[in-house]
Amino acid sequence: MSELSISGTIKPTKKYSVGNIIITILLLIWSALQLFPLYWMLTFSLKENSEIFGANIIGLPHNWLFSNYTTALQSGNMFRYLLNSVIVTVASIIITVVAATAATYALTRMVWHGRKIANAIFMLGITLPINAVILPIFLGLSKIHLTDSYWALIIPYSAFALSMSIMIASSFMEGIPLEIEEAACLDGCSVYGIFWHVILPMMKPALSTLSIFIFLQSWNELMYAVIFISNSDYRTVTVGIQNLSGSFTTDWGPIGAALVIATFPVLIIYAFFSSKIQESLVAGAVKG
Amino acid sequence: MKLKKILSMVLATGMIVSLSACAGTTSTTDTTKAGDTAATTTAAAVTEATTKDTTAASTEPVSLTMWSIATESDAFNEPYNQAIADYQTANPNVTIKMETFENESYKTKIKSAVAANELPDIFFSWGGGFSKSFIESGKVFALNDYYTDEYKAQLPEAALGNVTVDGKYYGVTYATPVSVLFYNKAMFDKYSLKAPTTVDELKTVCQTFIDNGITPFGVSVKDTWVLAMFNDALTLKTAGPSQVKDVLTKTSGSFDSADFLTSATTLKELIDMGAFIDGATGLSNDEASALFYNGTVPMYVTGSWMGGSIMSDAANPGDFDVAPIPVINSSNAKITDFMGGASDTLMVAASSENTDAAAKAVFELTKSISMYAYLKGAGIPAWKVDYDASAVNPITAKVAELATNATSFTLWFDTLMEADDAGEYLALLQELYVGNITPEDFTAAMGEQLAA
Amino acid sequence: MYFRSPGNGTSYPFDARYINRTWRPVPRNLTEGEPFMDKTMKNRTAILLFMLPACILFIGIIIIPICMSAYYSLLDWDGITTPIFVGVKNYITIFTKVTIGFPGAVRNAFLFAGLSLFIQLPVSLALALTLAKGIKGEKLYTALFFVPVIISTTVIGQLWLKIYNPEYGIVNSFLRAVGLGEYTKTWLGDSNTALLAVFIPILWQYVGYHMLLMYTGIKSQPTDLREAAMIDGASNWQISRYVTIPLLKPVLRVCVIFAVTGSLKVFDLIYVLTNGGPAHASEVPATIMIKQLFDRNNYGVGSAIAVFIVLLCFFFAIVIKKVFRTEVD
């Protein structure tokens, strides 16, 4: 039998059972598989083309080319691009989260005609291969003179993340029991009040998850960033990295360096966020 | 609440940013040293007429924007920047801000920009079929009035052949890259071989290497343009330049004919005898070239730019040499017929507000780029070489010599043809290489595509 | 809904109503016959306000461009010069012109959706369940498993290009090392293996993505039901099967929809690894669409493919939603 600990979670008594050992081994193997690309990225960012392409693929660099990093930073102009990516992504996250949670609440909780149709229409968003509509959007944006600016990317990124966000937010909102809303309603809350004081706090884990997913979609996006932005002052990281390729031959070392510069802050932020998620999950778990 | 704070910060940032975006671009020259003032554009909107601007605009500050694919790690990056610096020094009132983009994505970007009328003053493009629709839609400024006699002496009309439509010149070129056969002389000497000049010699060379366990050619089928370069050269040397040009530009003749079939069959023979590196379908150009640089394969057919890469990427650059592509059918083609030609071009947008300044600039810029690129070994000059070229690396110098004595240039098929035909060509080539279709199918399908 | 007053003259301001299968207190001043929360939940202004930002964004960036794409799909157009109206010719072309390779690409997309559904999702679920149970290092593992999702596709693409390299790649080197040298192939270049070779990195990269969704979903569930089952002596497997997974239905539905539509739309990694080659072996609808749109300047054909993808995904999303019907719907 298992014992209930004071905090209310359950701990298995047999820590070292065969099952557990097998699980741990499998998890470790899987972790190694997942970490390998990071390791590889780090090593090739310090090598030169000949090593990357034949002499020494997996091992540690023979020649530690830290100059790759200076190349990436100087001619690659990485800091500027990182800043631009951050601005665009953060703005997209905020806009999408606000729009999506509000719309999800209206779609799942409120009562109105056409609710189901609206739900179905929003699902169109995830069906769309975004590269197909790049030209109409470009034409539209250039008519309102928004190209070559942060908004040129923020607006499409937010819109594209909407459907996915509404779907994820719905699945979480459906898990919030009606009783709590009704209790608030009894207390005399208006709809806005219920949303602000009841729903949002309970959606905290979902909001963190949403932020992560929206971030992923926007941070690594390439085609729109290439076509909509020409002024290198507004260029994002993905385009910057791509620009380290030449027409006929590519110097992969500096690209690796740029990728490391672009990825590691993301990892650190993600690690930070994930511990926040863990906290809010434990704290905000709904007790029946 | 925290959310509100963040929200208001972002909104504020957004407002500031959009204000600055609307107020016009700040010109920050990243790598060039000269001309770093934020110039204002001249208010006088020059219409896209080809008449010369006779007002005193030549001394007012002009700011030009330029797009190119000479990214930081591209071989042409330095030549471009040097050319811009030179021009700005010679014309202090002109500031040129260049934005660079990666090659493949640039193709999409420039097409979208043309469609949406979002072109800069000067932009890079490829001649032939690639820019045909740009010119047809009237988005490119014609440069006839700026092609002075002085320039005519330094840049022959033939060099503008791929950007000429109805007698009007729509761009200026700077390099004449050509397809050549790069080979590892050390490996050739080991088996007492010489560079092949006929198809039989080619087959003998291949067979010798194969018999000794070495695959003759490195090629990339994944980056199909590499295979296409090989096939283009083969077809040229079988069908001859005038026939090729007529068929591909749909002027006369058909792809589904004897000479083209011979070329396709020759390719198939080479594939079947094992002349091409195993796994070419999964190798990128970078990976395949690496096999050539490190001496795994003795031959590689590609553009003259490889000369520069051999110097920087090969372990023993001295082992390498270059030769023209062998002739298959000597009644149609000669050893001095070359695939390639001046295709990389700088064009002026018709929608530019400074067409006069831009047009003047492109000629000078391309002249400088031609010179600097040659000196660096990045490209074969299209403009006359009236400067000291002794510093050029031996391989590039040899190619330049071959190019100077060329009897004809034929643009690579995937640039010469229109986009859709070019795409079909590359797709069919892949199928032929893999063995899904026969040479007969290949020529028949191409004939059908071009006839449509 | 049933209505009942507490009777015997109590001074409660509430009556009782049978709502959502339990008796609930309801304010007396509510209009007769009106379900409890409706007044608040039918607030028209609120609805409009809540829906507005999403609607504006959505209509402007998604709906209108989809309509424009649908219009373009009826044209013969290169994006720059004047278009020619051709009706449904493009739709016929993509299914009849062999060299485009579209039918094969659709088949590949379905194959991939199947693999996602029956291999990737179960693995993600197993991982999520294992981690959510509360083992040592849970936080660390969740962070680690998400790493591939964060890393850009360029890196993953280049990495796997090297892994699959016929000369020095890990796969072939490993096969040679264990004496299975005759099984080495050009994984990405051989028409028979290219498709599978391309799927593996994609499946591998996104396991973490689905796992995170499920994990968060499980963690948000009330623990009391699981505790109760445990006290009753249920095994871990039984708890998972009868308690956790059913409660996870909304999240699972989202995952399935993402997996299927994502597979039908997939593009990035395939583009980097093979770009649909060799000779259409690993082609998917999106790679053909991009080629037609941007390489071949065939805006009409490209848009027709896009519309087709949209319709296909939409169809499956509706079907999946119906299959996973939950209470709230």
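Lettered A, B and C in written order, each chain numbered from 1.
Definition applied: contacts are C-beta pairs under 8 Å (C-beta built on N, C-alpha and C of every residue); 3 or more make two chains touch, one makes a residue touch a chain.
A quick note: this is a predicted structure, and the numbers were derived from the prediction, not measured.
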Label of the chain whose CA centroid is most distant from the centroid of chain C: B
Chain pair showing more contacts of the two, A-B and A-C: A-C
Cα-centroid distance, chain B relative to chain C, in whole angstrom: 41
Computed distance of Cα centres, chain B from chain A, in Å: 38
Centroid spacing, where centroids are CA-atom means, of chain A and chain C in whole angstrom: 15
Interface hub residues of chain C, defined as touching at least two other chains: 79, 165, 167
Chain B residues counted as touching two or more neighbouring chains: 108, 112, 115, 287, 291
Numbers and ranges of chain A residues touching at least 2 other chains: 54, 98, 135, 242, 252
Complex contacts: residues of chain B adjacent to chain A: 6-7, 10, 13-14, 17-18, 21-22, 25-26, 28, 30-31, 67, 69, 71-76, 99-103, 105, 108-109, 112-113, 115-118, 120, 285-287, 289-291, 293-294, 303, 305-306, 309, 313, 315
Chain A - residues contacting chain C, complex: 1-2, 4, 8-11, 20, 23-24, 27, 30-31, 33-38, 40-41, 52, 54, 57-58, 95, 98-100, 102-103, 105-112, 118, 120-129, 131-133, 135-137, 140, 155-156, 158-160, 162-164, 166-168, 170-172, 174-175, 178, 181-182, 185-186, 189-192, 194-195, 205-206, 209, 212-213, 216, 220, 238, 241-242, 252, 255, 259, 262-263, 266-267, 270-271, 274-275, 277-278, 281-282, 284-288
Residues of chain C that touch chain B when the two form their complex: 78-81, 99, 101, 161, 164-167, 186-191, 194, 274-275, 277-280, 291-292, 294-298
Touching residues (chain side chain A, partner chain B) in the complex: 49-50, 53-54, 71, 75-77, 87, 90-91, 94, 98, 134-135, 138-139, 142, 145-151, 154, 222-223, 226-227, 230-234, 239, 242-252, 254
Footprint of chain A on chain C - complex, ascending: 20, 24-25, 27, 36-38, 40-44, 46-47, 49-51, 53-55, 57-58, 60-66, 68-69, 72, 79, 127, 130, 134-137, 139, 141-156, 158-159, 162, 165, 167-170, 204, 208-209, 212-213, 216-217, 219-227, 230, 233, 247, 250-251, 253-254, 257-258, 261, 265, 267, 285-286, 289-290, 293, 299, 302-303, 305-306, 309-314, 317-318, 321, 326, 328
